[in-house]
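You will see two complexes here that share chain A, one where it goes with chain B and one where it goes with chain C.
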Partner chain A sequence: MQEGGRDPPSYRPSCLQTREEVKLPARLKGNSLQASEAKLAYLFLMPATLFLCAFMFFPIFRVIQSSFYATDKLGGLSHFAGLENYVTLFKQSTFRMILFQSVYWTVLAVAIKTLFGLILASLLNVEYRGRRFARTLIVIPWASSAPISAILWIWVYHSEFGLLNHSLRALGITQNPPIWLGTPGLVFYSVIWVDIWLGIPFMTLVFLAGMQAVSVDLYEAANVEGANALQKYYHITVPGIRDVLLIATLLSTLWTFNDFNTIYVMTRGGPVNSTHIIITYLYMTTFERLRWGQGAVMAVITLIILSFCAWIYSRLYFRKGD
Partner chain B sequence: MLSRGRVGRGFVIFITIVLIFFLLFPFFVTISTMLKPAREIYATPPYWIPKGLALYNFVNMWKFHPFAQYFTTSAIVAFSTTALTTLLCVPAAYALARFRFKGKKIFFFAFLAIQMFSPIVVIISLFKIMVFLQLLNTYFGLILANTVFALSFCTWMLSGYFKTIPLDIEEAALIDGCSRLQTIQRIMIPISAPGVATVLIYSFILAWNDLIFALAFTTSVNKTPVTLGIQNFVGRFYSQWDYLTCAAFLATIPVVVMFLFIERQLVTGIAGGAVKG
Partner chain C sequence: MKSRRRMPVGVSMLVIILVCIPAMLFGAGKAKVTFFWNLYEGLTEDIRVEFQNAFNATHPDIELECVPVDWELSHNKLTTALAGGNPPEMSVIGTYWLLEFMDMGAVDEITKYVSPATINNIVPAIMEGKIGGKLMGLPVAAGARIMAYNADITKVEPKTMEELRQEAIRVNKPPDRYGFIMPGKKSLELTDFIYFLYAADGDVFQTKPDGTYGKCTVNSPAGVKALQFMVQLAEKDKVVQEGYLSQIRQDSHPTFVAGKAAYVFIGAWVDSLYKTAGSTFNLRYGQIPPFRGSKGKTLVVTDSIVIFKGAKNKKEAGTVLDVFYKDEWKARYDQMIGFPPVTISAGKLPQFQTPLYKTLVAASMRSKGWPLMSQWSECADIIWDAVVESFHGSKTPKAALDDAAAAIDKLRGF
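And then the complex of A and B:
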């Protein structure tokens, strides 16, 4: 566990010291606190569970149901339509393009986030004064509010008054910096960069935590054996953070796939759907074009993808400990 | 890996500084812009250091736009979400951490899975529920929706924290005649203060940063949170970047500060077994 973390606190009220000589009442013997207290457990879980049933599971059930129904403009279910919504949606070339685009968006963004995360974590894993401060600064993009950061990026990218293009000119990188949000083909990459930017801190921190959990002994042994830095990296660090790498990439995949804020704030999916992913297209289809049935179909598709990821995550999470 | 020698370390520090500058670029831009008078913001070519300090941007932003209203809404929604989430998640987390009962695995998996779902999956049906319950354009509607998404993660996180606290502390209290509720109140919650704080802050930030529920469930100005209100500054033909950057700065500072307190907890909580090594 690194610095502080969540080691069990040592605080214990003095009046509550466990005394050896105290005879435990029968009901407290053994693993008493975990004994058959099912009733109390259900009572404790009930409020949260009821709440989630009403506002999570019921809505999920309804959205699956309505994907099989024809709907009116207000979203009311009019009659059972079987797979009609699915068929109409998959017949649209726009939708198929957006589905493909979502995959491209996710894969590209996660790959770059992972790369940046690994680089930054390796850099922060070196000891020097001010390292903690550097770490704190790196957290900031993650800590700030995503919808607000996205809107700030519009201003950063501004072709005329934006300081990004100004800096590119001033540093002599290019005298004709691109119009980031106005060039078809480039917009997608300008927007995906903002998503990547938001995701880098998380990757960095998780990788760093993983690297710091790798035993120092291994490195010392390697030093004795005369291994060089690269060998140590490949044979100790990389295998050491394999699990962390898996979990972080998986979670990042989920979040990237679900990144509504960046796209909606920056481009609303335009120009001509070139920055839509399934999540934003779902929102537009439902709330702006009022095609509720098709929106529901997209929600179901998303749900299937997310459930699959959740399943893998739980497998990974439970593999160690717990 | 690059730690060898003074040169290596110097190189590492240099690259780190460059990358940090790169990552914080938008915030430098924001600070530069919010301090400039309008005519300097729209100067060509642009420049970094403001010539005149325009702190009146903050005053005007406050005066000419309903920002007090936006901030109030955000605060009400975020604080209430925090309260509701905590109320629901503490007992649930305790049960998951301490009791043995049938179906525990299912509960575990459900809480884990739900935190993966995005609001967008349920937003269509949630919207209809809000219509049915007449909760559109109400604080309560936003609070409910945000709580749904804060709840599962907080329960998960807190139950993990509870588990790290040794059983015998609680047993001792039970032997001394505390009831179960008293034990939770007087022993578990005080000892788990860092865990509980994480939950409080996490749900606050989640609600404060929400855009999608506000977008879908509110239309009136006096139920608009900052994240949505700020979007109005960017128009098709005319944008007010001076006011926008001021508002963005004010809306971001509190969450950044709070986040820095819980960031370590979040990382260990999320990465779970893998970091415990």
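And then the complex of A and C:
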């Protein structure tokens, strides 16, 4: 204790001081300060809030509203239709099939992207000659534009002039290679591979960043304890990148469920709806068939599904803090 | 301190001046006309740029922008623009879209903006865009579909579909040479099935005495015969180019102009494609043959230019069309895409007195257009799916067409 019975204030950088600790000029003390600060905060938040209201909340509200209305061919609301759009849509076997296909598309693509991402990140996390070059190569699919990549893959898959079929013939694997983008059973996997190919670099880079943040001390301690590579990976690396894994998978789920580019450029959902997912079917229903109400229903369903995914992930993510 | 406060004001003023002066100099006061210029296999790119520049140079009060639009994306692009309340002044459209756009209340009567001299110079027989006595779309291209064949591979100009099949089987030596070119991937237009359907004297809908359309007849014996024949060529005889299921028209026709196939059913643009590809084989033209015992008709497709009601500068759009329909531009445009001219004056020009144009004129004498109805796009989509299902063998042609007819009737409220 010093004179006056007060502890000496320990030094803390100003950025870590709480508001109470900051010495304020007399003229700024009291309620007037709080009021002016609040005003300033509202002022700064105003543009972003207005932007969000105009370009996010209003369109979302409008879409939800449209889903309960009959519309004219230009999307104008004509009369309240209750759940009619929902009932009509769910009665369609095509829509139910596409809904299931969307979930399958997302689960399969995200699972493979995560798996490949983990494997590649693990390989890139090991010291070896040429690692930088390998890392650069990994980024290329992600750095290129998705529609251009999709067009490129159309040519790769081209049945007559495509690189893939040419290679299959040249290597003597088959003289009658499949029609990758024309056969219903095959086209889905041909297109999903392109989505996976485009998504792997993101997963790899995020996982790699996570792996590099894991303390080397833990691995050294494990070495002392005699842990093998697999044990180290399972007990140190995976828990170390858990948060990154969750976030990356969540983002990938959202993007994959909404991957319009790849499908629209490559197949437009065909042949016979075999590559449609909700987002491409929504586009076709709304802008080609001009059924705005049903399109709005699909948008609402997409919103619900993706919000649910986000909610599950957030529960898992924040459980750690409990 | 004062000078510091003034600085942002000064910078803002400078920015405003820098932004506004060029706008005043180059844009303000001009009426902008946006023209969605659909691409015909990319054959009109040179004339698009040339026309735009020439028009802008001679009309200082109008700023014309010809926006190149892919046919496959055109319908969606227009629908989105209309729904967004920002349509172009005018656009090329497939004439069968016209009723759909009229249902939306989006199209204006073209005679309000285009001069009578321009309209009177158009061949009256191809005014398909005249609806209820009002001309809503100006014909921009009209072409009956014909057969082209490679006379280095075959000298036979088949008189029936059955003869065509026989000869296609005879000359077929894949992968070097195919008997027949046929796209098997769904695209915007349902042309190929219609060629065979019309050749079998079939039709898509019953036509009522008042001219309106009744139930779908795509599953009639003629329809089934047409689709069975297509499946036979592609899947049993295997005379169609490899990978046809993943090819639309634009993907499959290059195989023909590369000299690798005997026959193709095509439009007048075959000549331009042939020249662009630098091909040297002996290209000949004939009529799409009917099935044995049928009279057969061929498909004629017309495209139109429409002016949109919601556009800002419709009067100026009319001026653009008056200039565009002069022989100087329109005849060159017709020649580039290979369609017979739509104007009376261009029809007399020497460049249109060739074997190709003579074949096209003969084809147009026995031709029939698409059903002109507002729901045609969706009906065509359903029929396309039936065709693809038959190719894949997931349904027989009969079953696929029965399902398609039922779906179309349900859609149209029958």
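Rule of thumb we're sticking to: the second predicted complex is superposed on the first by the 264 of 322 C-alpha atoms of A that agree within 3 Å, B and C clash if a C-alpha of one lies under 4 Å from a C-alpha of the other, contacts with A are read in each partner's own complex, and residues count from 1 in each chain.
We take it that contacts are C-beta pairs under 8 Å (C-beta built on N, C-alpha and C of every residue); 3 or more make two chains touch, one makes a residue touch a chain.
This is a predicted model, so every value here is computed, not measured.
**Q** Tell me which partner A:L186 touches in the superposition: chain B (first), chain C (second), both or neither.
**A** neither
**Q** Counting touched residues of chain A, say whether chain B or chain C comes out ahead.
**A** B
**Q** When the two structures are overlaid on chain A, which partner does A:P271 contact: first (chain B), second (chain C), both, or neither?
**A** Second partner only, chain C.
**Q** Thinking of the overlay built on chain A, is A:E160 touched by chain B (first), by chain C (second), by both, or by neither?
**A** Both partners, chain B and chain C.
**Q** If we overlay the two complexes on their shared chain A, which of chain B and chain C does A:M56 touch? Say first, second, both or neither.
**A** In the superposed model, A:M56 contacts chain B only, not chain C.
**Q** Look at A:R289 in the shared chain and tell me whether it touches chain B only, chain C only, both, or neither; answer first, second, both or neither.
**A** It touches chain C, and chain B stays clear.
**Q** Is A:V103 touching anything from chain B or chain C once the two structures are fitted on A? First, second, both or neither.
**A** In the superposition, A:V103 contacts neither chain B nor chain C.
**Q** Regarding the shared-chain residue A:I148, is it in contact with chain B (first), chain C (second), both, or neither?
**A** A:I148 sits against chain B, while chain C stays out of touch.
**Q** What is the contact status of A:L205 with respect to chain B (first) and chain C (second): first, second, both, or neither?
**A** It touches chain B, and chain C stays clear.
**Q** Who does A:C309 touch here: chain B (first), chain C (second), both, or neither?
**A** Touch partner of A:C309: chain B, not chain C.
**Q** Kindly list the residues of chain A that each of chain B and chain C touches, one partner per complex.
**A** Common interface on chain A, chain B vs chain C: 75, 160, 287, 292.
**Q** Can you list the chain B residues touching chain A in their complex?
**A** 1-4, 8-9, 12-13, 15-17, 19-20, 23-30, 32-33, 41-48, 87-89, 91-92, 94-96, 98-102, 104, 107, 109-110, 112-114, 116-129, 144-145, 147-148, 151-152, 155, 161, 164-176, 180, 187, 191, 194-195, 208-209, 211-212, 215-216, 226-228, 230-231, 233-234, 241, 244-245, 248, 251-252, 255-256, 259-260, 263-265, 267-268, 270-277
**Q** Under the stated contact criterion, what part of chain C meets chain A in this complex?
**A** Touch residues, chain C against chain A: 75-76, 79-80, 82-83, 100, 103-104, 106, 175, 184-186, 241-247, 255, 377-378, 381, 385, 388-389, 392, 394.
**Q** Using the touch definition from the top, list the residues of chain A that touch chain C in their complex.
**A** Against chain C, the touching part of chain A is residues 72-75, 157-160, 179-184, 268, 270-273, 287-290, 292.
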